[in-house]
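The following pair of complexes shares a single chain, chain A, combined with chain B in the former and chain C in the latter.
Entry: the complex of A and B
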C-alpha cells in the first residue's frame, strides 16, 4: 500500500463563529458631530442623553465621540474583520440615530451581498450522506 | 448498499443488491462486488427496533445531518453551517436558540424520520444568532407603457444569520 500523504490543506480549519463560542464582531463605534451646524443637533442630543445607556448595555464595544466641525454627523463602526461601516446621521431623528447605532452593533462587518437563494445555507462540512452514485443502487444502469 | 430508513418499513436484505450486480458486464461487476462487500462489513444487517438503538446507530457514523423547520421552512442542516433567514424579531445577536421542530436525523447509511417530529428530549440542536443584517439593494422598475406610469422601488431585505451548533443525542427520552 502506498504511503498516505498528509496534505497541508487537510489541516486547515474554517472559522465558525457561534458554533461553540460566540465572539461579537463589532469592536468600536465612533460618533462624529459638529458643534455648530444644525444638522448635528439630533446627534448632539443623542450623545448627551442616550449614548451612556447604550454603552453600558454593550460593555464589549468601545464608544468614541469625536468632534468634527464643519462636517455632517457620522456613525462609524469598526469590525473584527478589519472593515468599517459608515452611516450618515444628518437627516435622522434621535430614535433614528439610535436605530442606526443598533444596526452597526448587530452587523458582522461582512460585505453586503445578495443573501437570497444560494446563500441560505452556507456550509463548509461535506454532506453526511455523500454524493449519489449510479453504480450503488438496486438496479444499476445497463447499456 | 441501499440506505436504511427506520420508520416502520420492513427491513430489506442486502442479498437483492448483490444479485443485481451480477447482471452488469464483467469488468464493471468486479468493481461493484468489491465496493458492496466493503460497505456491508460495517453496516448493520438487522434493523434496530427501538428509537434509542436507531439513534445509537446514527451516532456511530462520522457525520450527521438534520432536517429542521425554522420560520415556516424546512432546511437540511449540519453542524457549523451558517443559516440565513428573514429577520427574526425579539432576538438579539449572541442569543442561543434551540430548534424545536426536527423532522429527520440521519447519517451516511441510516435515517430516523419523526412522526411528524422527533421528540425534543432525544435530539437537541442549538443555533446561535450571529448577526442581523440587510441584503444587497434590490431595484425593481415598474412601467406601464403609454400611460405615464413608472416607478422605481428600492428594497434591502433584513436577514438574521444563525450558526448551527452540534447535534446532541441524549440517551433518556
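Entry: the complex of A and C
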C-alpha cells in the first residue's frame, strides 16, 4: 500500500480561536464623514461625543476618522482575514451608529453564508459518542 | 470591494497622519533625474503607532510591549534592511527581529517538545518530531501571525534565491513575528510567561496526530510490540458480521491477547477488518494521553530566580514516566526495509 510521506515543512495546525486564547478578528474601524452635508450630522455627533469612549473601551481596535467631503458617511471595518465590511450611516441615529460600530467590532469578517441548505456538518472533530453502528447494539437487526 | 481594488487598498494604501513629511519631498522635486516610485515609498513607511499599539492589545501583551517601537521591532524582518539602506543610506538601520526570532524559535521548540512528550509518552520519535513541526512550525507561525492581524504591520523585502540561500517567501517573513513576540515575552517577563504565551496561541490549536501515525504492516508491528511486552501473541477473532456473500458485507474483528481485547476494527472484508483492528490496537498504545491535571513539565522547575542548580521548594516536581520505545521496523517511514526477526536468546536456568 502506498503511504504518503509527511513533508515536515508542510505540516501545520488549524485554528481553534477561543479554546485557549481569543483573538478578536477586527483590526481597524474607519469612520468617513462629510463636514457640510446634513446626512453626516449624526455621524459627526457620534465622532465628537461617543467615539473616544468606544475607542478606550476597545484598545485592540485601531479607529481612524477620515473626512470625505461630498460623500455619504460610512463605517468600514477591516478584518484579519483580509476582508472588509462597509456600512452606510446616513439614515441612522446616533444610537444606531453606535450599534453598527458594535456590529463591526463583533464580526469575524467571514463572508455571510445562508444557514440552511448546504451547511450540514460544520464540526472538525469526531463526534463524542461515535457514529451509530447497527452491529454494536444489544439486538442487531435480523430478518 | 472587488478583489483588485481590495488588494490595492490593503497593500498599497498607507496611512499618512503619523508621517512627518507628506507629501514626501522627493515626490515634488522637479529635477531631470527625479524618479519617485510611490509603491516603493509606501513600502518604506512605518505603520502608524495606533496600529502597533492596537496589535499589542489584541494579542494580550499591552502591558508587556509598552511602546510602539517594541512592536515595530518584532514586525520588521531583517530583509527590510536591504530596502532601507538602498533608499536611506545615511539614516541608522531600523531594529529588526532576527535575533528575537531565533531565540523565540528555540523557546517554542522547547515548550512544544516537552508538552507533547509529556502528553503522549509513548509516541514514536519521528511522529513526535512531526507533531512539534505541526504545532510550532513555519506554516503554523505564519498562520498565527495572519490571524493576529500582523500582515499589514510586517515590513520585509522579497529576496530572490541565491546560490547559497533559498528565496524568501512572505510566509517565512510572517513566521518570524510570533517567534519574536515569544522572545520579547521571555525577555520582558519570565520563562513561565513565555510558556503561557506559546500555550495560548500554538498548543491549543487543532492537530491530527493520528494521521501522522502510519504503519506499513500493522499486524506484524503489533505482533512484535506484544512480544516485547511479554504478553500472549495477538489473535484476531470475528465478533460480528453481516452481509457475507452480498455486495456490501461488514465484518467486525477484534484483536486479543489472551482474553484482553487490544483493538477492534471493521471492514468490508475479513482482511480489511483485521488490518484495521491491528491499527486500532497500535493507536490505542501509541496515542495514550496523559490527563491535563497530571501533566508535569521539566521547565516548570525554572522558577523566578531561574537557578537551575538548586531545587525549589515552591514547586515540587515529580517527573513523568518515560514511554516505551517503539517498534522500529514495519513503520512506513522506511521504504522497503524490513529488519530481520529478532532472535530470543535462551538463557540456561
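What we mean here is this: the second predicted complex is superposed on the first by the 109 of 143 C-alpha atoms of A that agree within 3 Å, B and C clash if a C-alpha of one lies under 4 Å from a C-alpha of the other, contacts with A are read in each partner's own complex, and residues count from 1 in each chain.
Keep this in mind: contacts are C-beta pairs under 8 Å (C-beta built on N, C-alpha and C of every residue); 3 or more make two chains touch, one makes a residue touch a chain.
In this text the structure is predicted, and so the values were computed from the model without any measurement.
Once the two complexes are laid over each other on the shared chain, residue contacts for A:24 go to chain B and to chain C alike. When the two structures are aligned on the shared chain, A:139 is found in touch with chain B, with no touch to chain C. Contact with neither chain B nor chain C is seen for A:131 once the two complexes are overlaid on the shared chain. In the superposed pair of complexes, A:112 makes contact with chain B only, with no contact to chain C.
In the superposition on chain A, A:10 makes contact with chain C only, while chain B stays out of contact range.
Of the two partner chains, chain B is the only one touched by A:120; chain C is not. In the overlay built on the shared chain, the residue A:82 is in contact with chain C alone; chain B does not reach it. In the three-chain superposition model, chain A touches both chain B and chain C at residues 14, 16-17, 19-20, 24-25, 124-125, 135-136, 140. Of all the residues in chain A, the ones that touch chain B in their complex are 14, 16-20, 22, 24-25, 103, 105-108, 110, 112-116, 119-130, 135-140, 142. Chain A contributes residues 1, 3, 6, 8-17, 19-21, 23-25, 27-28, 59-64, 78, 80-84, 86, 124-125, 133-136, 140 to its touches with chain C in the complex. Residues 1, 6, 10, 15, 48, 50-51, 53-54, 57-60, 62, 129-130, 133-135, 137-140, 143, 146-149, 151-152, 199-207, 212, 214, 216, 240, 242, 250, 252, 266, 332 of chain C touch chain A in their complex. Within the complex formed with chain A, the residues of chain B that make contact are 1-3, 16-17, 20-21, 23-25, 28, 31-32, 35-36, 39, 61, 63-65, 75-85, 92-94, 106-108, 128-136, 138, 157, 159, 161-166.
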